[in-house]
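As written, the chain order gives the labels A, B, C and D, with residue 1 at the start of each chain.
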(Lines give C-alpha, C1' and ligand atoms only; values in the text may rest on other atoms or scores of the structure.)
Protein backbone atom coordinates (compact mmCIF):
# COMPACT_ATOMS: atom_id res chain seq x y z
CA UNK A 1 0.00 0.00 0.00
CA UNK A 2 1.23 3.48 -0.86
CA UNK A 3 0.91 6.23 1.77
CA UNK A 4 1.89 9.87 1.76
CA UNK A 5 3.58 10.99 4.97
CA UNK A 6 3.78 14.64 5.98
CA UNK A 7 5.14 16.01 9.22
CA UNK A 8 5.23 19.23 11.21
CA UNK A 9 7.13 21.12 13.88
CA UNK A 10 9.93 19.31 15.63
CA UNK A 11 9.07 16.06 13.84
CA UNK A 12 9.65 17.65 10.44
CA UNK A 13 13.32 17.89 11.40
CA UNK A 14 13.78 14.12 11.15
CA UNK A 15 10.82 12.93 9.06
CA UNK A 16 10.52 14.82 5.79
CA UNK A 17 7.49 14.63 3.52
CA UNK A 18 7.67 11.37 1.55
CA UNK A 19 5.73 8.60 -0.10
CA UNK A 20 6.18 5.22 1.51
CA UNK A 21 5.30 1.78 0.22
CA UNK A 22 4.30 -0.54 3.04
CA UNK A 23 3.07 -4.08 3.29
CA UNK A 24 1.24 -5.70 6.20
CA UNK A 25 0.00 -2.32 7.43
CA UNK A 26 -3.76 -1.88 7.50
CA UNK A 27 -4.35 0.71 10.17
CA UNK A 28 -2.83 3.66 12.02
CA UNK A 29 -1.73 1.60 15.03
CA UNK A 30 0.40 -0.55 12.75
CA UNK A 31 1.68 2.49 10.89
CA UNK A 32 2.65 4.06 14.21
CA UNK A 33 4.72 1.00 15.11
CA UNK A 34 6.35 1.09 11.68
CA UNK A 35 7.18 4.79 12.07
CA UNK A 36 8.63 4.34 15.56
CA UNK A 37 10.86 1.57 14.26
CA UNK A 38 11.99 3.59 11.23
CA UNK A 39 12.36 6.84 13.20
CA UNK A 40 13.30 6.00 16.78
CA UNK A 41 13.35 9.71 17.65
CA UNK A 42 9.53 9.40 17.80
CA UNK A 43 9.78 7.08 20.79
CA UNK A 44 8.90 8.92 23.96
CA UNK A 45 7.52 11.91 22.04
CA UNK A 46 3.88 12.88 22.17
CA UNK A 47 2.36 13.17 18.72
CA UNK A 48 -0.96 12.86 16.93
CA UNK A 49 -1.82 11.57 13.51
CA UNK A 50 -4.23 13.02 10.99
CA UNK A 51 -5.50 10.92 8.10
CA UNK A 52 -6.56 12.89 5.04
CA UNK A 53 -6.72 16.06 7.15
CA UNK A 54 -8.79 14.55 9.96
CA UNK A 55 -7.08 14.30 13.33
CA UNK A 56 -7.70 10.79 14.61
CA UNK A 57 -8.42 9.92 18.21
CA UNK A 58 -8.37 6.11 17.89
CA UNK A 59 -7.02 3.43 15.61
CA UNK A 60 -8.30 3.81 12.06
CA UNK A 61 -8.17 1.75 8.84
CA UNK A 62 -5.84 3.00 6.14
CA UNK A 63 -6.40 2.74 2.43
CA UNK A 64 -4.25 3.19 -0.67
CA UNK A 65 -2.97 6.76 -1.17
CA UNK A 66 -4.04 8.02 2.24
CA UNK A 67 -2.19 11.08 3.44
CA UNK A 68 -0.99 10.72 7.01
CA UNK A 69 0.26 13.73 8.96
CA UNK A 70 2.47 13.34 12.05
CA UNK A 71 2.02 16.24 14.44
CA UNK A 72 3.89 17.03 17.67
CA UNK A 73 2.06 18.90 20.47
CA UNK A 74 0.59 22.20 19.31
CA UNK A 75 2.17 25.46 20.43
CA UNK A 76 0.23 28.25 18.77
CA UNK A 77 -0.80 31.51 20.39
CA UNK B 1 -19.77 21.53 8.92
CA UNK B 2 -22.11 24.35 7.96
CA UNK B 3 -22.23 26.14 4.64
CA UNK B 4 -20.59 29.26 6.06
CA UNK B 5 -17.39 30.25 4.37
CA UNK B 6 -14.23 29.14 6.16
CA UNK B 7 -12.27 32.24 7.15
CA UNK B 8 -8.51 32.37 6.95
CA UNK B 9 -7.23 33.38 10.37
CA UNK B 10 -3.57 33.34 9.29
CA UNK B 11 -1.48 36.30 8.27
CA UNK B 12 2.18 36.50 7.35
CA UNK B 13 4.23 38.32 9.94
CA UNK B 14 3.33 40.19 13.10
CA UNK B 15 -0.08 41.71 13.84
CA UNK B 16 0.39 45.48 13.98
CA UNK B 17 -1.29 47.83 16.47
CA UNK B 18 -2.65 49.72 13.43
CA UNK B 19 -4.37 46.54 12.21
CA UNK B 20 -5.93 46.12 15.66
CA UNK B 21 -7.04 49.77 15.74
CA UNK B 22 -8.67 49.33 12.33
CA UNK B 23 -10.50 46.27 13.53
CA UNK B 24 -11.77 48.16 16.61
CA UNK B 25 -12.81 51.19 14.53
CA UNK B 26 -14.94 49.02 12.25
CA UNK B 27 -17.24 48.30 15.18
CA UNK B 28 -18.37 51.87 15.77
CA UNK B 29 -21.29 51.39 13.38
CA UNK B 30 -22.41 48.31 15.32
CA UNK B 31 -24.33 50.20 17.95
CA UNK B 32 -25.88 47.14 19.59
CA UNK B 33 -22.45 46.35 21.02
CA UNK B 34 -21.78 47.37 24.63
CA UNK B 35 -18.59 45.46 25.42
CA UNK B 36 -15.51 44.30 23.56
CA UNK B 37 -12.98 41.80 24.87
CA UNK B 38 -9.54 41.40 23.31
CA UNK B 39 -6.70 39.00 23.94
CA UNK B 40 -3.31 39.49 22.31
CA UNK B 41 -0.38 37.12 22.47
CA UNK B 42 3.05 38.75 22.34
CA UNK B 43 6.37 36.99 21.74
CA UNK B 44 8.42 36.97 24.95
CA UNK B 45 12.19 37.41 25.02
CA UNK B 46 12.52 34.40 27.31
CA UNK B 47 15.90 33.41 28.66
CA UNK B 48 16.54 29.68 28.31
CA UNK B 49 19.88 28.30 29.46
CA UNK B 50 21.50 31.70 29.16
CA UNK B 51 20.22 32.39 25.64
CA UNK B 52 17.47 34.84 24.74
CA UNK B 53 14.56 34.18 22.38
CA UNK B 54 14.84 36.64 19.48
CA UNK B 55 11.78 35.45 17.55
CA UNK B 56 9.27 32.65 17.13
CA UNK B 57 8.80 31.14 13.70
CA UNK B 58 5.20 29.89 13.38
CA UNK B 59 4.05 27.19 10.99
CA UNK B 60 0.71 25.43 10.70
CA UNK B 61 -1.11 22.55 9.06
CA UNK B 62 -3.36 25.09 7.45
CA UNK B 63 -6.27 23.00 6.09
CA UNK B 64 -6.71 21.22 9.41
CA UNK B 65 -6.25 24.41 11.46
CA UNK B 66 -8.84 26.35 9.46
CA UNK B 67 -11.39 23.53 9.58
CA UNK B 68 -10.88 23.20 13.35
CA UNK B 69 -11.12 26.98 13.81
CA UNK B 70 -14.37 26.97 11.84
CA UNK B 71 -15.74 24.32 14.19
CA UNK B 72 -14.61 26.30 17.26
CA UNK B 73 -16.10 29.51 15.84
CA UNK B 74 -19.49 27.88 15.32
CA UNK B 75 -19.45 26.31 18.79
CA UNK B 76 -18.65 29.67 20.41
CA UNK B 77 -21.33 31.52 18.44
CA UNK B 78 -23.78 28.81 19.52
CA UNK B 79 -22.79 29.09 23.18
CA UNK B 80 -22.60 32.88 23.63
CA UNK B 81 -24.79 35.74 22.34
CA UNK B 82 -22.00 37.48 20.43
CA UNK B 83 -22.24 40.31 17.93
CA UNK B 84 -18.76 39.70 16.48
CA UNK B 85 -15.77 37.39 16.69
CA UNK B 86 -12.40 37.93 15.04
CA UNK B 87 -9.32 35.73 15.28
CA UNK B 88 -5.93 36.36 13.67
CA UNK B 89 -2.74 34.31 14.09
CA UNK B 90 0.67 35.10 12.64
CA UNK B 91 2.77 32.76 10.53
CA UNK B 92 6.49 33.11 9.89
CA UNK B 93 9.08 34.80 12.04
CA UNK B 94 7.64 37.08 14.74
CA UNK B 95 10.18 39.04 16.76
CA UNK B 96 10.15 39.37 20.55
CA UNK B 97 7.78 42.19 21.49
CA UNK B 98 5.58 41.68 18.43
CA UNK B 99 2.01 40.43 18.50
CA UNK B 100 1.28 36.95 17.09
CA UNK B 101 -2.32 36.31 18.22
CA UNK B 102 -5.34 38.64 18.23
CA UNK B 103 -8.71 37.43 19.51
CA UNK B 104 -11.57 39.95 19.54
CA UNK B 105 -15.16 39.35 20.68
CA UNK B 106 -18.07 41.77 21.11
CA UNK B 107 -21.51 41.54 22.66
CA UNK B 108 -24.35 43.74 23.94
CA UNK B 109 -23.35 43.17 27.57
CA UNK B 110 -19.84 42.47 28.78
CA UNK B 111 -20.06 38.92 30.13
CA UNK B 112 -20.50 36.95 26.87
CA UNK B 113 -17.69 38.85 25.12
CA UNK B 114 -15.30 38.22 28.03
CA UNK B 115 -16.19 34.54 28.48
CA UNK B 116 -16.11 33.81 24.74
CA UNK B 117 -12.73 35.51 24.36
CA UNK B 118 -11.22 33.42 27.17
CA UNK B 119 -12.65 30.18 25.83
CA UNK B 120 -11.42 30.99 22.31
CA UNK B 121 -7.86 31.59 23.53
CA UNK B 122 -7.82 28.29 25.43
CA UNK B 123 -9.22 26.33 22.48
CA UNK B 124 -6.90 28.00 19.94
CA UNK B 125 -3.86 27.09 22.00
CA UNK B 126 -5.01 23.53 22.67
CA UNK B 127 -6.67 22.53 19.42
CA UNK B 128 -5.14 24.33 16.44
CA UNK B 129 -2.21 22.57 14.74
CA UNK B 130 0.25 25.45 14.95
CA UNK B 131 3.89 25.15 15.96
CA UNK B 132 6.25 27.79 17.26
CA UNK B 133 9.99 27.44 16.81
CA UNK B 134 11.83 29.66 19.30
CA UNK B 135 14.83 31.16 17.57
CA UNK B 136 17.60 32.37 19.86
CA UNK B 137 19.86 35.33 19.29
CA UNK B 138 22.65 32.95 18.19
CA UNK B 139 20.33 31.43 15.52
CA UNK B 140 19.99 28.12 17.37
CA UNK B 141 16.44 27.07 18.14
CA UNK B 142 14.08 24.94 20.20
CA UNK B 143 10.43 24.05 19.68
CA UNK B 144 7.98 25.88 21.92
CA UNK B 145 5.60 23.88 24.07
CA UNK B 146 2.37 25.36 25.39
CA UNK B 147 1.86 24.93 29.12
CA UNK C 1 -2.53 54.86 50.63
CA UNK C 2 0.99 54.45 49.25
CA UNK C 3 3.28 57.19 48.07
CA UNK C 4 2.74 56.32 44.41
CA UNK C 5 1.33 59.12 42.31
CA UNK C 6 -2.41 59.00 41.76
CA UNK C 7 -3.03 58.62 38.01
CA UNK C 8 -5.84 60.43 36.29
CA UNK C 9 -7.93 57.84 34.45
CA UNK C 10 -10.36 60.39 33.03
CA UNK C 11 -10.28 61.91 29.57
CA UNK C 12 -12.67 64.29 27.89
CA UNK C 13 -14.64 62.69 25.10
CA UNK C 14 -14.50 59.26 23.49
CA UNK C 15 -11.47 56.97 23.54
CA UNK C 16 -10.27 56.64 19.95
CA UNK C 17 -9.00 53.42 18.31
CA UNK C 18 -5.80 55.35 17.53
CA UNK C 19 -5.27 56.04 21.24
CA UNK C 20 -5.73 52.33 21.94
CA UNK C 21 -3.30 51.37 19.15
CA UNK C 22 -0.75 53.76 20.61
CA UNK C 23 -1.14 52.22 24.02
CA UNK C 24 -0.65 48.72 22.56
CA UNK C 25 2.38 49.81 20.51
CA UNK C 26 4.10 51.15 23.63
CA UNK C 27 4.33 47.60 24.97
CA UNK C 28 6.53 46.20 22.19
CA UNK C 29 9.65 47.13 24.16
CA UNK C 30 8.36 45.25 27.21
CA UNK C 31 9.55 41.85 26.06
CA UNK C 32 8.74 40.04 29.30
CA UNK C 33 5.06 40.32 28.35
CA UNK C 34 3.41 37.27 26.77
CA UNK C 35 -0.29 38.15 27.03
CA UNK C 36 -2.43 41.29 26.91
CA UNK C 37 -6.07 41.48 27.91
CA UNK C 38 -8.27 44.41 26.94
CA UNK C 39 -11.83 45.34 27.78
CA UNK C 40 -13.58 48.21 26.04
CA UNK C 41 -16.99 49.60 26.88
CA UNK C 42 -18.92 51.02 23.94
CA UNK C 43 -22.05 53.20 24.14
CA UNK C 44 -25.08 51.23 22.93
CA UNK C 45 -27.88 52.78 20.90
CA UNK C 46 -30.45 51.18 23.20
CA UNK C 47 -34.14 51.57 22.49
CA UNK C 48 -36.11 52.57 25.59
CA UNK C 49 -39.84 53.15 25.26
CA UNK C 50 -39.52 53.75 21.53
CA UNK C 51 -36.67 56.27 21.84
CA UNK C 52 -33.05 55.62 20.94
CA UNK C 53 -30.01 56.51 23.04
CA UNK C 54 -27.89 58.96 21.02
CA UNK C 55 -25.15 59.47 23.61
CA UNK C 56 -24.21 59.06 27.25
CA UNK C 57 -23.00 62.09 29.18
CA UNK C 58 -20.56 60.93 31.88
CA UNK C 59 -19.77 62.87 35.05
CA UNK C 60 -17.78 61.86 38.11
CA UNK C 61 -16.86 62.83 41.65
CA UNK C 62 -13.28 63.03 40.52
CA UNK C 63 -11.30 63.18 43.77
CA UNK C 64 -13.18 60.22 45.22
CA UNK C 65 -13.05 58.24 41.95
CA UNK C 66 -9.31 58.69 41.56
CA UNK C 67 -8.57 57.78 45.17
CA UNK C 68 -10.74 54.68 44.87
CA UNK C 69 -9.13 53.75 41.52
CA UNK C 70 -5.71 54.09 43.15
CA UNK C 71 -6.81 51.69 45.87
CA UNK C 72 -8.17 49.21 43.28
CA UNK C 73 -4.99 49.49 41.21
CA UNK C 74 -2.80 48.65 44.19
CA UNK C 75 -5.02 45.74 45.22
CA UNK C 76 -4.91 44.29 41.69
CA UNK C 77 -1.12 44.67 41.41
CA UNK C 78 -0.85 42.95 44.78
CA UNK C 79 -3.09 40.08 43.73
CA UNK C 80 -1.80 39.35 40.20
CA UNK C 81 1.73 39.24 38.73
CA UNK C 82 1.12 41.98 36.16
CA UNK C 83 3.61 43.80 33.99
CA UNK C 84 1.24 46.67 33.18
CA UNK C 85 -2.21 48.04 33.94
CA UNK C 86 -3.91 50.92 32.15
CA UNK C 87 -7.42 52.29 32.76
CA UNK C 88 -9.11 55.13 30.89
CA UNK C 89 -12.68 56.37 31.29
CA UNK C 90 -14.40 59.05 29.27
CA UNK C 91 -16.14 62.11 30.67
CA UNK C 92 -18.64 64.27 28.80
CA UNK C 93 -20.90 63.30 25.94
CA UNK C 94 -19.94 60.00 24.24
CA UNK C 95 -21.98 59.11 21.17
CA UNK C 96 -23.47 55.67 20.49
CA UNK C 97 -20.79 53.49 18.90
CA UNK C 98 -17.95 55.32 20.63
CA UNK C 99 -15.70 53.83 23.29
CA UNK C 100 -16.01 55.14 26.87
CA UNK C 101 -13.95 52.65 28.89
CA UNK C 102 -10.58 51.08 28.11
CA UNK C 103 -8.99 48.60 30.54
CA UNK C 104 -5.66 47.05 29.50
CA UNK C 105 -3.58 44.52 31.48
CA UNK C 106 -0.42 42.62 30.54
CA UNK C 107 1.52 39.75 32.09
CA UNK C 108 4.15 37.15 31.21
CA UNK C 109 1.53 34.40 30.92
CA UNK C 110 -2.07 34.93 29.89
CA UNK C 111 -4.03 34.01 33.01
CA UNK C 112 -3.11 36.93 35.32
CA UNK C 113 -3.74 39.50 32.57
CA UNK C 114 -7.16 38.01 31.79
CA UNK C 115 -8.26 37.62 35.42
CA UNK C 116 -7.01 41.06 36.43
CA UNK C 117 -8.77 42.69 33.48
CA UNK C 118 -12.09 41.07 34.39
CA UNK C 119 -11.77 42.00 38.06
CA UNK C 120 -10.86 45.58 37.17
CA UNK C 121 -13.94 45.98 34.96
CA UNK C 122 -16.23 44.65 37.70
CA UNK C 123 -14.69 46.90 40.37
CA UNK C 124 -14.68 50.00 38.14
CA UNK C 125 -18.39 49.57 37.42
CA UNK C 126 -19.30 48.85 41.04
CA UNK C 127 -17.02 51.16 42.99
CA UNK C 128 -16.14 54.28 41.03
CA UNK C 129 -18.47 57.28 41.51
CA UNK C 130 -19.25 57.84 37.85
CA UNK C 131 -22.69 58.56 36.43
CA UNK C 132 -23.98 58.14 32.90
CA UNK C 133 -26.89 60.24 31.62
CA UNK C 134 -28.46 58.57 28.60
CA UNK C 135 -29.42 61.24 26.12
CA UNK C 136 -32.07 60.29 23.60
CA UNK C 137 -32.31 61.46 20.03
CA UNK C 138 -35.07 63.93 21.05
CA UNK C 139 -32.75 65.45 23.71
CA UNK C 140 -34.72 63.99 26.61
CA UNK C 141 -32.70 61.88 29.04
CA UNK C 142 -32.68 59.26 31.74
CA UNK C 143 -29.95 58.22 34.18
CA UNK C 144 -28.22 54.96 33.37
CA UNK C 145 -28.15 52.21 35.97
CA UNK C 146 -25.54 49.45 35.92
CA UNK C 147 -26.97 45.96 36.10
CA UNK D 1 -23.56 73.83 62.28
CA UNK D 2 -22.63 74.77 58.73
CA UNK D 3 -22.34 71.98 56.15
CA UNK D 4 -21.55 72.03 52.46
CA UNK D 5 -23.78 69.78 50.40
CA UNK D 6 -22.81 68.57 46.92
CA UNK D 7 -24.70 66.11 44.77
CA UNK D 8 -24.23 64.01 41.65
CA UNK D 9 -26.08 62.26 38.84
CA UNK D 10 -29.85 62.12 39.06
CA UNK D 11 -29.79 63.69 42.54
CA UNK D 12 -28.07 66.81 41.21
CA UNK D 13 -31.28 67.53 39.30
CA UNK D 14 -33.16 68.36 42.51
CA UNK D 15 -30.44 69.06 45.08
CA UNK D 16 -27.93 71.63 43.87
CA UNK D 17 -24.67 72.36 45.58
CA UNK D 18 -25.35 74.54 48.62
CA UNK D 19 -24.29 75.48 52.10
CA UNK D 20 -26.81 74.61 54.78
CA UNK D 21 -27.05 75.76 58.38
CA UNK D 22 -28.49 73.04 60.59
CA UNK D 23 -29.15 72.65 64.28
CA UNK D 24 -29.70 69.44 66.21
CA UNK D 25 -27.80 67.43 63.60
CA UNK D 26 -24.67 65.68 64.85
CA UNK D 27 -24.24 62.76 62.51
CA UNK D 28 -24.96 61.47 59.03
CA UNK D 29 -28.06 59.47 60.05
CA UNK D 30 -29.65 62.67 61.29
CA UNK D 31 -28.54 64.56 58.20
CA UNK D 32 -30.07 61.86 56.03
CA UNK D 33 -33.44 62.30 57.79
CA UNK D 34 -33.19 66.06 57.34
CA UNK D 35 -32.40 65.67 53.62
CA UNK D 36 -35.27 63.23 53.02
CA UNK D 37 -37.66 65.67 54.68
CA UNK D 38 -36.35 68.63 52.68
CA UNK D 39 -36.10 66.70 49.41
CA UNK D 40 -38.79 64.02 49.40
CA UNK D 41 -37.56 62.84 45.96
CA UNK D 42 -34.76 61.08 47.89
CA UNK D 43 -37.27 58.78 49.54
CA UNK D 44 -37.17 55.34 47.97
CA UNK D 45 -33.97 56.14 46.09
CA UNK D 46 -30.72 54.35 46.78
CA UNK D 47 -27.89 56.71 47.54
CA UNK D 48 -24.63 56.91 49.44
CA UNK D 49 -22.99 59.74 51.34
CA UNK D 50 -19.39 60.79 51.34
CA UNK D 51 -18.02 63.04 54.07
CA UNK D 52 -14.98 65.08 53.09
CA UNK D 53 -14.41 62.77 50.10
CA UNK D 54 -14.66 59.54 52.06
CA UNK D 55 -17.58 57.31 51.19
CA UNK D 56 -19.18 56.27 54.46
CA UNK D 57 -20.56 52.82 55.19
CA UNK D 58 -22.10 53.52 58.60
CA UNK D 59 -23.33 56.46 60.65
CA UNK D 60 -20.61 59.03 61.24
CA UNK D 61 -20.20 62.16 63.36
CA UNK D 62 -20.32 65.47 61.50
CA UNK D 63 -18.37 68.58 62.39
CA UNK D 64 -18.50 72.23 61.36
CA UNK D 65 -17.75 72.85 57.67
CA UNK D 66 -17.87 69.21 56.65
CA UNK D 67 -18.54 68.61 52.99
CA UNK D 68 -21.21 65.98 52.41
CA UNK D 69 -21.74 64.45 48.96
CA UNK D 70 -24.97 62.71 48.02
CA UNK D 71 -24.41 60.06 45.36
CA UNK D 72 -26.96 57.91 43.51
CA UNK D 73 -25.92 54.40 42.34
CA UNK D 74 -22.82 54.46 40.16
CA UNK D 75 -23.16 53.80 36.44
CA UNK D 76 -19.70 54.13 34.94
CA UNK D 77 -18.19 51.89 32.29
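Everything below uses one rule, namely that a contact is a pair of C-beta atoms (placed from the backbone, for glycine too) under 8 Å apart; a residue touches a chain by one contact, two chains touch by 3 or more.
None of the values given here were measured: they were computed from a predicted structure.
Undergrad: Rounded to the nearest whole Å, what is the centre-to-centre distance of subunit B and subunit C, using the mean of the C-alpha atoms as each centre?
TA: Here the centre of subunit C sits 23 Å away from the centre of subunit B.
Undergrad: Could you grab the centroid distance between subunit A and subunit D? Build each centroid from C-alpha atoms only and quote it in angstrom.
TA: Between these chains, centre-to-centre, one finds 74 Å.
Undergrad: Please tell me the distance, in whole Å, between the geometric centres of subunit B and subunit D computed from their C-alpha atoms.
TA: 49
Undergrad: Taking each chain's centre as the mean position of its Cα atoms, how many Å separate subunit C from subunit D?
TA: Result: the chain centres lie 27 Å from each other.
Undergrad: Going through subunit C residue by residue, note those that touch at least 2 other chains and give them in order.
TA: 41, 121
Undergrad: When you check subunit A against every other chain, which residues touch at least two of them?
TA: If we look for residues of subunit A contacting two or more partner chains, we find none.
Undergrad: Answer with line, ring, star, complete or other to describe the graph linking chains that touch.
TA: The chain contacts form an open line.
Undergrad: Using the touch rule from the top of the page, what pairs of chains touch, sorted by label?
TA: A-B, B-C, C-D
Undergrad: Report the residues of subunit C in contact with subunit D in the complex, numbered from low to high.
TA: 41, 58-61, 63-64, 67-68, 89, 100-101, 121, 124-133, 143-146
Undergrad: Using the touch definition up top, name the residues of subunit C that touch subunit B in the complex.
TA: For subunit C paired with subunit B, touching residues are 17-18, 20-22, 24-25, 27-45, 96-99, 106, 108-110, 114, 118, 121, 147.
Undergrad: Could you list, by residue number, the parts of subunit A that touch subunit B in their complex?
TA: Against subunit B, subunit A makes touches at 6, 8-10, 50, 53-55, 69, 71-77.
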